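Below you'll find the structures, each written out as structure tokens.
Shared between the two complexes below is subunit A, which has subunit B as its partner in the first and subunit C in the second.
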Partner chain A sequence: MADIALAHADARRTAPLPGAVDRRIEKSAPLTRFVLRLPEESLTAAGAALGLDFTAPINRAVTSGDRTALRLGPDEWLVLAPATDAAIPGGLAAGLAGRLFSLVDVSHRQTGIRLAGPHAAAMINAVCPLDLGLAAFPVGMATRTIFAKADIVLWRTSPASFHLEIWRSFAPYVAALLHEIGREYPD
Partner chain B sequence: MTQTYRLATGGLIDRSRTVPFTFDGKAMTGHAGDTLASALLANGVHLVGRSFKYHRPRGIVSAGAEEPNALVGVGRDEGHYTPNLRATQVELYHGLRAESQNRMPSLERDVGSITDRLWRFFPAGFYYKTFMWPKGAWTKFFEPRIRAIAGLGRSPAAPDAARYAQIYAHCDVLVIGAGPAGLSAALTAAETGARVIICDEQAQFGGALLAEPGKSAWLAEQRARLAGFANITMLPRTIAFGYFPHNMIGLAQDLTDHQGEASDDAPRGRLWQVRARQVITATGAIERPLVFPDNDRPGIMLADAARTYVERYAVKPGNRAVVFTAHDDAYRAAVSLHRAGVAIAAIVDLRESPAGPGLDAARTAGLPVRTHATIIGTEGNLRVAAVSVATIGETKSERIACDLVLMSGGFTPSVHLFSQSRGKLAFDPALDAFIPGTPAEPTIAAGAAAGCQSLEAAIASGRAAGLSATGQAVAAPVAETGAAGFLGEVPHGRDPASVRAFVDFQNDVTAKDITLALSEGFRSIEHVKRYTTTGMATDQGKTSNMNALGIVSKSLGVAIPSIGTTTFRMPYTPIPFGYFAGYARGELVEPVRETPIHAWAAEHGAVFEDVSLWKRARYFPRGAETMHDAVARECAAVRAGVGLFDASTLGKIEITGPDAAEFLNRMYVNAWTKLKPGRLRYGILLREDGFIIDDGVVGRIADDRFHVTTTTGGAARVLNMMEDYLQTEFTDLKVWLTSTTEQYAVIAVQGPRARAVIAPLVEDADISAAAMPHMSVVECRVAGVPARLFRVSFTGELGFEINVPADYGRAVWEAVAQAGQAHGIVPYGTETMHVLRAEKGYIIVGQETDGTATPDDVGLTWAIGKAKPDFVGKRALARTALASQTDRKQLVGLLTADPAEVLEEGAHLVADPAQAVPMTMLGHVTSSYWSAALNRSIALAMVRNGRARIGQTLHVPLPGRSVAVTLTDPVFYDPEGARLDG
Partner chain C sequence: MLLIPCPYCGERPEIEFSYGGEAHVVRAPANATDAEWTAFLYQRSNARGSYAERWRHAHGCGRFFNARRNTVTDFFEQTYKIGEVPA
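Our next item is the complex of A and B:
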């Protein structure tokens, strides 16, 4: 399904999170997303192909231009790019010819939101058991975790802002829960 | 009522703020800074409740969390009502409404107190001994009545109107308790830069020092220092109620409870789940009552509590007091009350020759002290009126009138949390108390909780804990001599069978009850506890456990360490359920998963059903159609024309890598190696025990890429199982798994007209019967959207399933619906899907199977790749124990004699409906529907040796009748499968 390159402004798309959300939440535009699996021997070549450093540590985001890769495990990345970026599958196929890799399109599987504000970490910690202190979860850290009963990928983009990747059917739940939690917190 | 017992000066209350409240409807006032208990005492009210079993009048005993008697219901209405709150912990607020419990009609005149006069008939364990006959009388007669009489608070009659918050937090050091030890520990730890959380159940930090006016300057200084540390989080009004594994501590923080929950917009409280590198329990100590005859009358309270009411709340707990003690601390209380204007009628000391500064101060103040003396009885109904004092060993007693009795048997360190952490307790004979011994978690006890007696020792102990918790060297502890006090029943020289000396006030357990248990042969403290219920009330024996141990120890002549202590369990004090529910209420109790086509279905009148967390369209009624009518119409449309079905919830897993086919060979029963790209196969997944766990259609997209589908409910389970095998068993395989369940919307188009409907929408593929046979897949465009188009059928008709990226799901669905209009396309739901597949005998995992069905049981032996060396479950199927069974339940069809009779799913099948109960059950109905296509009912069933019984008649026993059924092949419709090609 690597050939999905329909314009993200396509009126025929239905947004996974159509409703109103908390004032501290910004819904992300449609993105191209891939789950990329790379064995050790493919890291360098894949990095050269996509312009991303796949040797960076686990649970860290690496960004190059509009492309970001979140390393979620020893051999697993979530690659995020603008919906218009159609070059990733071809680039990898060319750069990794003869080498092992796995690329699965999950652009529509999940959706992204940005939560920002001085209480963003506390709002997430209301139902997420991770230590979100800046020392333990610094800017650029990303991990798969839980948000109450939803599975999310949490990426800290600045001291007071987070990007959350949520499976689409769980997004209304996460958004509603964040709004409910947000009632306790001023901006 | 005016606050006649309020002192003119002193205390931490704000006299400029008068706070009105009611107790049992009576209007009273207190001041800001009061608890409900201190405000009641200021109004001269001691009587606040009736006891659990005997309905005896009870008064305020303590000034803290250990309170056994003063349990009240608080709240302005049922939605904000909380029962069983300790009046000693309830902060007073404007308009507080409190009511006493376990009394009828009133506290003063309570009909239940008849049990008090009959007390001899209600010994420990009476419910095991009496009321056991005649048979059935216990459950029908005695138990309901006993339950009505016994008990404490009532449940609120309306749902909790409050909101509750929750948060997870991490810290280097969590300090529980903000008394002198806790404050010192927190400050010492914070100096290193450590992240510190300090919590305390009270509104203000200070602990016992809040009742020490002489230490207010020191306390103010410590509080100011705390506020100066940005790395300290201070949580007042926060009870640490539970110590969970790996230093996870549960805290319940009162946010608006203490203000009466004025607005439901703000959460009432917040549950904290704190993961701490180090925990310091600076939880203080609890004073022990003395166990003497009739020691439970209102006006009899703990000595240090009485002192606290004087010093902290500026309340005189009475006018004329007798102090009964086995510990020096009570002398401090006596002097304090004396200065406040309470006449001290006598200080009765159990000890033969007490000495020390406390005693000296009492003598200097001219207070009458009687040593080697005891109280052998008390008088007074709703309030203590007199005590009888005797020299130990003598029978002659002196009656002393009083309205207040202070008692002190010494102090018990609060080791509840330490014990919850599985730390071993150690008995300190000098203290006659258990103190924290070997810890099981990174936890340190400090202050009185560790057995410290003096303020200096507590502060030093807190500081040492703070140093130790942050990995620093610790100086030697401050040496001090312990003061034990007294455990057990005091000597009183009276017939033990005729007096009641209460050990556990809340559960009405007396010393006699415990000796009775021992005389009946109970030895283990755990058994004595359960037989007598001592320590089993909501206070978990905070004031009673050590005295119970003392009685057991003396009666058996066994030292306390040899008896051991009972286990402390969370919560430390009862916590409202709402704290645990948190945000998970109403719409947020579970995620509600909706497909991209959900909104269309809702707009078209679909009735939804819950399938795991998903909402699925069950049927689409038109006008006034019933479900039966709608489903019959939808079924007919699919069989005769074409139907449209949202299958998006099906689980999907993308399996990639050069060894993908081999991985599937090992996981599924089927053979995959020869499956060509572009073809589909129906796969069956077993557990290791050979039983079916899931099924689904698998498509080979490329040599190294499979599109696997699972059941809706099995999606996560199957992926987890596969990942587990991949990572632990099949590490040699180069395979990766990715969930794509939500990547695709799946639009099923089923029926003889299916190809005609979608053909105009398909680009880049030839979907003719010749080019695209049943069970094939092609990547193409549908309605301009990239798609994986499956030709597959779960209806028995010609069918396609269009997988498109989810954002386009609705647009493609609408395009298909539009294109189908000319063909009379009908949207159908899961109910119709179930009927259509049942007509074809297709199983649903979890409906026909129940976790104990093999492939052969459900007629799927054909799917097993017999040449394969192995697959998950293969060995189990071959084991003699399974393979040799000859009467396993097998899938069959059922036809009722009366075609209009639709059987109940779950009904049993028997050979002889006249057989006496219990009947020999041969099987059960798994699916049962009205079949529009066959114009009669059909059912699937799992029946013992069912395939051999095909053609036979069995019976379904129902209330008052039975239904005859004929066993048939499970494929009712188009057994040749001719319709798959349209």
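Our next item is the complex of A and C:
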């Protein structure tokens, strides 16, 4: 889906040179994604089952190996893992036997975009009012927010790079808008 | 832009939030009269000044919370989680 979304965005954008592609914006590798809801008393058991620290504070990302959990709400996580990782539902069911949890596979609901470069924060801030200064939004912070008219999950992976999780029907809109904004911030 | 302090996420821009009407409206009992149901469903205090409201951090943590906002100045006096008693 990301292929279609970004190809579509490429077709529509106005490039300074025909055929030029903004190399700062690229689709992420295929991911498997879950929305995980956990009550307080299940945090450590779930962490042991998936190898992730679910006790990290809200709006933080915790990464262990290939798996990442973004704590988007007090009891809500977005779990990202490579598309080949099929062990999450089984592992969680075994580790949380008899406990309450909710796990929804949203792999095909969303698509990921990676944005990198010295102007990455400024490009997002063109249409997102969140404070993206390193003091207010440090590396490893992740939150749901609003990007122009699209709801996105924004995750800072380094001081100058971000991972955006976008509902797939919004992906052409977000990608095209990022290309358009990128014209203001030449490399 | 107005910053609203979400009790879970901290200060966030206003456009991430949606409004949820007056807070602490107690549901009418099942055997309530028509007048009591009307009051519960439709009648709000609509105060001029300090007003208890529900807000939802819709494009953020997604949670409802309560706020006390001055409807004249638009100043958020305090925000607190659902179920908490305001200070």
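Here is the rule we go by: the second predicted complex is superposed on the first by the 166 of 187 C-alpha atoms of A that agree within 3 Å, B and C clash if a C-alpha of one lies under 4 Å from a C-alpha of the other, contacts with A are read in each partner's own complex, and residues count from 1 in each chain.
As a convention for this text, contacts are C-beta pairs under 8 Å (C-beta built on N, C-alpha and C of every residue); 3 or more make two chains touch, one makes a residue touch a chain.
This structure is a prediction, so every number in the text was calculated from the model and none was measured.
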{"item": "Which of subunit B and subunit C A:Arg37 touches, first, second, both or neither", "value": "first"}
{"item": "Touching partner for A:Ala176 - first (subunit B), second (subunit C), both, neither", "value": "first"}
{"item": "Subunit B versus subunit C as contact partner of A:Asn59, first or second or both or neither", "value": "second"}
{"item": "First, second, both or neither for A:Pro129, with subunit B first and subunit C second", "value": "both"}
{"item": "Contacts of A:Thr143 with subunit B and subunit C, given as first, second, both or neither", "value": "second"}
{"item": "Contacts of A:Leu72 with subunit B and subunit C, given as first, second, both or neither", "value": "second"}
{"item": "Set intersection of subunit A contacts, subunit C complex versus subunit B complex", "value": "129-130"}
{"item": "Sites on subunit B touched by subunit A in the complex", "value": "163, 165-170, 195, 265-267, 273, 275, 582-584, 587-588, 590-596, 599, 613-614, 654, 656-658, 734, 736, 738-744, 779, 785-786, 788, 805-811"}
{"item": "Interface residues, subunit A side, partner subunit B - complex", "value": "1, 3-4, 6, 10, 12-16, 30, 35, 37, 39, 100, 102-110, 122, 125-131, 133, 136, 148-150, 167-170, 172-173, 176-177, 180-181, 183-184"}
{"item": "Residue ranges of subunit C touching subunit A (in the complex, touch as defined)", "value": "1, 8-9, 12-13, 15-16, 59-63"}
{"item": "Subunit C partner contacts - residues on subunit A that touch it in the complex", "value": "58-59, 72-74, 76, 129-130, 143-146, 151"}
